[in-house]
Amino acid sequence: MTWVWFHRFGSPPHFYRLASRLTPWFAWPAGLLCLAGLIGGLVLAPPDYQQGDGFRIIYVHAPAAWLSLMVYVVMAVSAAIGLIWRMPVAQAVAASCAAIGASFTLVALVTGSLWGRRMWGTYWEWDPRLTSELLLLFLYLGYMGLRNAIDDLGRADRASAVLAIVGVVNVPIIHYSVVWWNSLHQAPSVMKFGRPSMPPSMLIPLLLMLAGFTAYFVALLLIRARGELLRRERTARWIADALC
Amino acid sequence: MNELTADNLQLWRGEQHVLRGVCLAVSLGECLQVTGANGAGKTTLLRALCGLVPLEEGRICWRGDDVAFDRLAFHDELNYLGHDNALKADLTAAENLRYAVALRRRVTSAQIAAALARTGVAEAERQPVRQLSAGQRRRVALARVLLGGGALWLLDEPGANLDAHGQQLLRELIAQHLQAGGLAVIATHHALDLPGAPLRSLTLQ
Amino acid sequence: MTTPRVGFTRAAATLMARDLRLALRRAGDTLQPLAFFVVVTTLFPLALDPQLSLLRDIAPAALWVGALLSSLLALDLLFREDAQDGALEQLALCGVPFQGLLLAKTAVHWLLTGLPLVLIAPLAVSTLGAPYAALPGILSALLLGTLALSLIGAIGAGLTMGLKRHGSLLALLVLPLAAPVLIFGARATALAIEGQPLAAPLYLLGAFAVLAATLAPWALAAAVRIGLE
């Protein structure tokens, strides 16, 4: 029975309708959660005793960093499903994820760099998190570059799926090797916030922002995936029905 | 008894529906000629039969078994000649043959020399392939097909670059192969007259 | 028509013999990455103050960046020519496991690019001012590192083999994936030069090489098949 559901989900017109219906259910909560998180983080939470108000950038930086990683995993899993089960919907989802993930990575890098400017005085300090994010950005760029370079869509899908799978296996290794590398040099890291020691007034807005970003990602993914499907299936008959 | 059958082969290349429900059946001693205009999908069909291009739908059966279950066994009995000769330009003709055939069958220098003589390029044996003409290279590639064994020959425009003698040679080689109990699927622009062999043809639009 | 068929080991041996013979015939092309490595590692001292202590500090970095870049240079040749003249298709159709044949090609590539790096490491080490006692550690690190680089690079080469304008795409694909090799390899080399035990980074490097060896057969075969379509 699960297989029937799986394959219906993978049919383009079905997915298109489902995505259209679900988008508001993620878009509105995304807006509300982010609003609540921003109010809680920027206004209500007290300033950190060590960093003053500068730490507040964490409310954008941490969710963006977390999402950048999560989107890569979603992209790789979706590409793998598309490769193994030959599902065009899964390939469309993977293709849509790439730019979103790269953008989150860029946001994490920029906010991290700004935070570093505040804390260290320079825009870059080879902090393990930032370095890891930089390598993740290269992985995204490589994925998008490979997709772009291959003309035939089917081959582009499959080749980039192989790359994404190889990448996702390596992401934890790359991350931990960078952390290990950095720990040897004892560089000061501002990115550490010990979980138990973070008071609820700081933690809750962070979690709200995280949930909001995630909902935003899903909503954006659904919109982009619909557009991607329209582009791929533009000669199919169900398009005319769906758009009227 | 059909050795090679294909049912309802469907294949898209990008947005183009190249193979639309192609069916074919070839038995021992038969040669199927695939004809059609440029771009009709002859090369794609041959490559799909080899398994180099994945099919969206359809089944290919060799000796009754679905090819997808044991590709290696199918490939073992398959001999493919594509547009490219698959010859390394820096090696001599004999070296090329030795390395190419030794991937599949044991072969001796005498056999290589004999094959080159059979295809009319005995003089090229010790010449680097980059010094040979296009016609000579094609003949060396034909010698590879001769030596490679395999009951099923899949040849894509085998007569390309061959002069009149070469075309005659090609016809003889294929006819001999069919008489020895092999079968062949050949993609070609114009029909090949094979002495003493039934000619069947499949035209792609 | 039915001469005895050959098994996988013999087919792989034939393939490796062919690739080695081709490499010998084109010795100029084969030696280029090696020459590049020597040039890069000897350029570092030129760009810096030639005081020996400073050289010793950057020796690991220079060695490994040189190894990485020269490996990238050699990767392009791995599949491109075979793909263009149709020889790669014949490998896919010869009735023995394709994954194994591709690994055999990668092994030859390593013999021609990775192994020479390991062998000329003593020369590079002396020009960079490192003590000879560091040699065994440096050699083992280079051995494992170049193996991992060849495997990961082969995956990248397989993915980009059919592309005309691939340019720097291969580098972009391979470099992030090769970052752990750079990190662990350079660290192991640095520890060797200081005379300290380097078991930790060496084991990590070895583990990464094993991961690459596990992942590469599937990824290579998948990538090359897609490129052959």
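First chain written, first letter: the chains are A, B and C, and each begins at residue 1.
Operating definition for what follows: a contact is a pair of C-beta atoms (placed from the backbone, for glycine too) under 8 Å apart; a residue touches a chain by one contact, two chains touch by 3 or more.
What you are looking at is a predicted structure, and each value in this text was computed from that prediction instead of being measured.
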If each chain is a dot and touching chains are joined, what shape do you get: line, ring, star, complete or other? complete
For which chain is the distance between its Cα centroid and the global protein Cα centroid smallest? C
B-C or A-B, whichever has more C-beta pairs in contact: B-C
Subunit A to subunit C, mean C-alpha position gap in Å, rounds to 32
From the C-alpha centre of subunit B to that of subunit C, how far is it in Å? 36
Report the inter-centroid distance (CA atoms only) between subunit A and subunit B in whole Å. 49
Could you say which residues in subunit C touch two or more other chains, in rising order? 229
By residue number and range, which residues of subunit A touch two or more other chains? 152, 154
Touching residues of subunit B toward subunit C in the complex: what are they? 50-54, 72-73, 75-76, 78, 80, 82-91, 95, 99-100, 102-107, 111, 149-151, 180-182
Residue numbers of subunit A touching subunit C in their complex, please. 135-136, 138-139, 141-142, 145-146, 149-150, 152, 154-155, 158-159, 162-163, 165-167, 169-170, 173-174, 177-178, 180-181, 184
Contact footprint of subunit A on subunit B as seen in their complex: 12-15, 56
Quick check on the complex: what are the subunit C residues that touch subunit A? 155, 159-160, 162-163, 165-166, 169, 172-173, 175-177, 179-180, 183-184, 187, 204, 208, 211, 215, 219, 222-223, 226-227, 229
Would you mind writing out the residues of subunit A in touch with subunit B in their complex? 86, 151-154, 235
